[in-house]
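Structure, as structure tokens:
Order as written gives the chain letters A, B and C; numbering starts at 1 within each chain.
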Amino acid sequence: FLEDVKGQAKGELQASESRYQAQRRVTQLLQTELLHLYSRLEMEGHACPTTASA
Amino acid sequence: FLEDVKGQAKGELQASESRYQAQRRVTQLLQTELLHLYSRLEMEGHACPTTASA
Amino acid sequence: AYYEKVGFRGVEEKKSLEILLKENPLDVEKLSTFSQRFPLPSMYRIHVWKVLLGILPPHSDSHSLVGGYRREQYQDVLEALEVMRFVHMATPQTQVYLRMFQLESQVLPRRSDTTPPDEEDEDFLSIARAMEEIVEDSVDCYWLIKCFVNQFNNKFGDSIPHLPKSLEHYLSVEEPRLLNHLKNTGALAMLPYSLWFRRCFAGCLPESSLQRVWDKVISGSCKILVFVAVEILLSYKIVVMGTSRPEGVVNILCNMPQENTDAIVTKAIDLWHKYCGTPMHSV
């Protein structure tokens, strides 16, 4: 029975872990996209100074 | 003793869940920021057609 | 002889704490009682605080696993703030902690929002600056600030508004003349209550004295804050009695000299034990 409880606990922890990992991958993807957009915005900012200063 | 095992598992699971929740908050924030940037890019795209067509 | 007695007591206390810390799982209640009664030896302070604040679970076997989770959570939140340019290389560390705390509590303001930090943020920053002096490791430091602030607000949020009344009460027992002077000059209403009761003396007492007060707060008492305030007033009695302008009184109390604060805290703890009793069970 004890083994049973331990096994269940382990399963729950693993599930939590894998949810975390999935969420983490999403984060990384979003962060990459964000960095990409920032640099695009900056470039456009330089390429289009009239708009920026207007 | 059984309570002991359960208690330990609970402590670990709570810490793991807290890490997951933090990651979720991060994801939400990144999503909001991305949406904001997309709309900004779209607006700037319209405001600066010469750059876009060049 | 006095030194010997104190030294001996210190050794005994340290031994009994070491026995408590060897238990597995840790008995959090006993650890609370211990830190209510005795000062924590500095080599164990941070570890005990982490257990009392739930940063580490009672089971010592889980400490390395959970410690790893805590570290990752810290890094995840920090990384996101860096990517989003909420913080950069030059951001003061306490400001970084504030942003991390706000992100986790879902109250992070927009980056373009340039409103200055509100009173609550300033309280957080004061506590963070003090904790930074006490704790070296930045992961530990962030977690301790976060859990200290959260626990303080959750546990004592409802009691804090009543502490000034409580201060008035104990002052009326200990030194009615001083209380009358404070009342008559209008200084009573202007005392630095938020520095005392919201920042828990962060920025008021030097860290070496402060951490002995925080031992009591973290192990479950906010009443101790009242007695520290009483002892501060008592130790500046003569200057305060000689000042009739309330602003003058506030100025003295907000810019206390950083000496003798250890004695003030020791007296405050004695007074607190006198009025509220010494927690007796076990240890």
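Please note the rule applied: a contact is a pair of C-beta atoms (placed from the backbone, for glycine too) under 8 Å apart; a residue touches a chain by one contact, two chains touch by 3 or more.
Here the structure is a predicted model, which means the values were calculated and not measured.
**Q** Where centres are the averaged C-alpha coordinates, which chain has the largest centre distance to chain B?
**A** C
**Q** Mind checking the rotation angle between the two copies, chain A and chain B? C-alpha superposition, nearest 5 degrees is fine.
**A** 175
**Q** Suppose each chain is reduced to the average of its Cα coordinates; what separation in Å results between chain B and chain C?
**A** 32
**Q** Calculate how many whole Å lie between the centre of chain A and the centre of chain C, each centre taken as the average of the chain's C-alpha atoms.
**A** Spacing between the chain centres: roughly 35 Å.
**Q** On a C-alpha centroid basis, what's the spacing between chain A and chain B, in Å?
**A** Roughly 6 Å, centre to centre.
**Q** Of all residues in chain B, which are in touch with two or more distinct other chains?
**A** Residues 8, 12, 16, 19, 23, 26, 30, 33 of chain B touch two or more partner chains.
**Q** I need the residues of chain C touching at least two other chains; which ones are they?
**A** 76, 80, 83-84
**Q** For chain C, which residues count as touching chain B in their complex?
**A** 25, 57-59, 61-62, 65-66, 69-70, 72-73, 76-77, 80, 83-84, 103-104, 106, 108
**Q** Which residues, counting only chain A, touch chain C once they are in their complex?
**A** Chain A reaches chain C through residues 24, 27, 31, 34-35, 38.
**Q** Which chain A residues qualify as touching chain B in the complex?
**A** Those in contact with chain B are residues 1-2, 5-6, 9-10, 12-13, 16-17, 19-20, 23-24, 26-27, 30-31, 33-34, 37-38, 40-41, 44, 47-48, 51.
**Q** What residues of chain C sit close enough to touch chain A in their complex?
**A** 76, 79-80, 83-85
**Q** In their shared complex, at which residues does chain B touch chain C?
**A** Touching chain C from chain B are residues 4, 7-8, 11-12, 14-16, 18-19, 22-23, 25-26, 28-30, 33.
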